[in-house]
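Quick notes on the structure that follows.
Each chain carries a letter (A, B, C and D) given by its place in the written order, and its residues are counted from 1.
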């Protein structure tokens, strides 16, 4: 059961040939298109590094039967597995500078369903858990990348699903027979769908009994009939289409898609929830707990890269010493995120299914920090970078026969640093603060909104026990 | 002496035909090129609104001789003029959503030199002030836009100008005769140069006597021989080349350039400083005081637009009430900036030249706030916008025959709001947080770095008088 | 009509002999009691400095009839008067390091009623304004200190006044005849009441018609029958009872009281509102606008003192240079508050009554900043002060024959600074961060809660005009 | 080897009869004096809860030989021991609302020396580790409380120890013979010394060879000849002398002392370092790592209490629902601190001596957060508490026959909550934001200054590896 190489992964995605659109055009081959190619490189790097002994500890795991599988399709069986989940996220962000969301979301969805199907079966005598077990084994065996999908289109946020004029704004089962179900709807902001073999769909919210058509979890290959994706080439994404260094991060990219399910048939063996509304909240919660924890690792890793890029610029400008306190503050912020994620993992617990999840309160706390601290990191990076971050020549200016020498003359840095070196570092900073995949995009909405995390903290805060502490000290 | 109409302005810039490059290519006609065209619209809007009676108070002024001139080439003669400087900045940012830097920088440079030439003449018996007075009259009479240029290339920041291996990294006089001087160097991050008739150049730092070749102030048309510009089409700038709404701000843009002076002759009558190193710091200081103050108005205006865009999204999503406290926080942040700028203006003072300048300490304080608060505004806007800000379909997807109807179905908002409306509002937010001219670019480095402002606060803090207050209360 | 000297002021308060309690005991003579004495010194300093030509500009005003009166009982008749209101507040805080609230609140109440009585009379044909005019003339002529009272006891915050089981939790008129009215209730957190001759009472909230008994404004001497005060000697207030330097601020103190109106008769000529519920909100609003603005000046002034004390400690520890950036940050924070207050004043407007008020939005913005920034100032002061702020010997230790020499030996600072000097500076810092009258107490609740100010910003934000700006740019 | 009961502990401290002064007077019996009594209650509570099976996991440990000892004198032998160190700190702060510093500092000192003596012996063939081992066994066997002492008087901070005019400002060995050494100097800010049996002294900084007289570590009973303490009864400490609820925290207190060593003889067997300047930095570092980590637990625990007190006030005021988001933010802040501490512990490592220490970078990161977040907690608590926190009646007012009923009438809360209940809760808040042992005092300087932690982050940041990440992505 060998792990795929990066090349095998890319080839398998090419062959999959899922239907995708970008800026109004059909994308013929996502492994060739300039933008999507870069996003695939990001995911592909997981495959590449998993083959490297140096990273095997974090990126691969040994299954109970002894098989070596990718960590990205494993189930967390211990506290240390959870911590390693965080570490793997940080590592991959350090190595790619981007969000490799698809494998992450699929990983978290697999774990959330592992637990939830176990609970459902125990209560209702269903057989979801066994189906999922077989599905997981297949994914592990073929070393597939699964996207994870939660967020529905939602229509008017002020109406409950059952009051929506168009029911499809929450994905739902529109037909069912002995062989399977047919689903309709759309899931938005699906990270890395373009580079995924499969998509694991979960309910995106709690639903009442009247809304149980929306309570459906399943997995399906992305090239299934009726599925189409609309990829967003975010502002600045155009640079990814070019060769050269104007894109800042020269090696890797990321992507997010709207995935439309236009009446898609899902065979029974791939259905993991179907109407058990009592468990909709549970499966969402377990997914987001993992994701809210792990973002602390992701943002720490991206923070590391941005700190490194800022440190390079400081060095090239001859200001390393003067800016050392700001670079230390960037380090503080990244490590604060990381330590919160590790703390959340450490305080985690196992469930009857065998799967482990982080401490609910601390995972939500990590997410709140994740929605705040990266803006501080970005602010300091822009401060260190100076005005250059927002006004600098392009690689094409540097190559132009007339103006190239002038650029070289006026953009040279300290100690003989060439203009190109300075520009490369500055463009990496620029891409991380304002390009596609910038920190702000990554940190604010991953794992749900900060408001949702704050709501969770409110509910988990256990104010009564704290009031009791106060009463005891004040003799009330 | 009539004010130019927007059309006359654009035509005059077309005729000027200054030499400009962008992404390695010569720009044939800046009024036609998709990117530069938009930037010109921003400046052009000043011309348009100056003709509108509603805004005449702020955008025009009456000269001593009774002539009605554009405020943008006037000298501040009172406290109220300074406050109106701030208000005009806020108004134009509200109307355009972008920085219209060129007219602003030229305006501030004119005022800084008005004072400084007066001081120099008084000490050295030179005639700079009279030259400047004539130059200002010409600019006012022809209603020209002047860019303002301070920032040098700087080479290694850790070396003083006199120790730089290449002296040209600070612009300098390389030759001089009876008729004028020849200058060489480059000024970077020149806002709106592409839409300016003239450029007013000042020293960018304090210089010692040994460095007096660098102490030179002058004005020159941007089509003068030896001047060339390199425009940065920032990440996301590609959208500005397209028609339609993907660019977010559909009407206006901004630009920044590197302006290279490759041995440019400046006639004597246009030279306003030449070697008076004792005044290099003074002219820089006066410029930045105005600019640091006025940024409070600019960012308040851009903050207003971003608040409005976020409020639209909240409305379209059916969440206006739930998000009202966040929208109020955005308002707080913008108004905090504005009130600091107005406070700086109110505490300003006149100089012997008749020109007024803001309170030095408060202007620097405003700048520090400007480098911090807009990141909070941006953070809340992204929070309100939701994940959509970083993943949404393009206008071309919406127009595509196959996927267009799906986009319409799944992106429709509350109360029958069309997908296009929601997308337009979301793309405006996206362009202001991550597009060219985003808040972060505008606020961090305008008027010099936050570190420079902090240094100024340190020097102006008058700790001795505060220690005395403490000693008095503690009886020390 | 001469201004009172400090001695005359103190003597007049002694003679007034208002009924006051502190820690369960009747205070015989507030000019002698160690704690209240210090608070009177704070207010008295206004009298002292008003006699000083150096401060006459700020602390005195010329009335229309040419009489020189204390600014603290004047009506603001111009923009500059408003700015001077802020400056006076900053000055007095710089000079005393404490809140001299009574004269401030009375001053603001006088102005709020000046406007509101004018409005009421115009609508209802009443004669409140003329009564107030006479009252003001009397106060000015006798140079009295008036406390200002708004905050009611409130009972359960979740019930409206008309639903309160005990109606008296909002002060109200319980009887009325031709000669006057009888009031019952309590006003809490009345700054400086102990040092005031008179108290001016206003409604503390908006009231409906059914609640109009609560809508009453009047003035009454504090020694009137039925009035009693309960003074809070805050934690640390005990030090004020001692002589010597352990109290930190050796010269001045402040105080707040609960003022109980236990069926107090108010003669008709001293009643300024009585049942006009339509104007309850107006008079509250006008009061708080002035107060929310002016707190920017107060906290800037206290911030200056704390910055000075921290700078002294830095100097005594030989760390002035290393801590210069933190001291600059403290300066930034104080000046940010001040500039916002000045901005609020500058954008103010006159009313038909002739009285001027600050811009409503900006005044509330200032208050929000006032509830946040001083905590940053305090944090830096504690950082600079070091652990000593929370653990240092007392003056009595220093005077003890056995341990005194050891204290001197181990607490001596740099450059021969004596232990006493260091301790005095450290104790001043300690008193301002944790003593009675500490910054946190002053900034959070003065002028109403931050939540109230945020609510006001929400209402004044004019989101519709901002949405229109966004729609214009996005072509919606 | 039984654990002491609380009563046994108090009796043992009474018998010890260490020499202590407070406010210039000798304290006859620290178990009787109102202020010190309360501090002893805090430490005593550790003894009380250690006897409680519910807390045995955290507060006691099993030694290798099977003996059950107090955790507070144990050596951390695993990752889980480190995490439990954090949990114990949080628990005790939740239970007492105060810092029980002495046992904590002694605990950390014991661990720091355990490692360092092991290192020194390995290099120099000394026998310190064995001495320490015997000392630890004695402390464990008799269940003693040891204070930990690092901070020297320091004189002028800008001079190195060797340049100080008075060498004693850094504690030093002034004499030595076969039996032991004689030390002179003073250690400041020694938490809980008043309630300790022993004091463990370490060097407080790195020292050069020329300064090796200052490099000395030892333990000594606090009643040894030549030792005297000066306790600081912080502002507000006077309330601790009274019975009743004005002190807020009715049950517990804390204390800090200056401990003077006026030529104290230390027998050889109690000396753990003597001149090994190569290890001065090491022992300091190991101590502060533990302390910087653990403060995350302490402040989380105190934050819990303050959150509970604020929640009580919200409830009593009838505003629980309206303030739920602020209470959630308080919870967020406390848990953010806790998770960082746990993260630091989880990433810790063992040393050759067998003792475990937290991750150096993360422990310092925790400390930086500890110096910032509690100010936010305090700010929200004051916001929730309302103006009452700074102005409320005393218990004596409530008991006064005349004014008591008025207090009861006007301070009653929602739903029949008595005035006393509201006042008790409010006074608990007041004592935690401004009384002795307030959060600000606890968080800023414990474990050394924030500046020291920032310096450590700078050194540990490993910018080179981050630059390498950036270079890899930008192809530099």
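We adopt the following convention: a residue touches a chain if its C-beta (ideal position, glycine included) is under 8 Å from a C-beta of that chain, and two chains touch if they have at least 3 such contacts.
What you see is a predicted model, and the numbers here were worked out from it, not measured in a lab.
Graph distance from chain A to chain C, where chains that touch are one step apart, equals 2. Centroids built from CA atoms put chain C at 40 Å from chain B.
Work out the mean CA point of chain C and of chain D, and you get 37 Å between them.
In chain A, the residues that reach two or more other chains under the touch definition are 248.
Chain contacts here close into one cycle, and each chain has exactly two touching partners.
Contact annotation for chain pairs lists A-B, A-D, B-C, C-D, with touch applied as defined. Chain D meets chain A in the complex at residues 83, 94-97, 245, 248-252, 304-309, 311-312, 315, 324-325, 327-329, 331-332, 335-336, 338-347, 361-362, 365-366, 368-369, 421, 424-425, 427-428, 454, 457-458, 461, 463, 465-476. Contact residues on chain D toward chain C in their complex (touch as defined above): 21-25, 151, 153, 155-159, 166, 168-169, 186, 188-189, 228, 230, 232-236, 238-239, 248, 256-258, 260, 262, 317-319, 371-372, 375-376, 378-379, 382-383, 386-400, 402-403, 406-407, 409-415, 430-431, 433-435, 438, 440-441, 444-445, 449-451.
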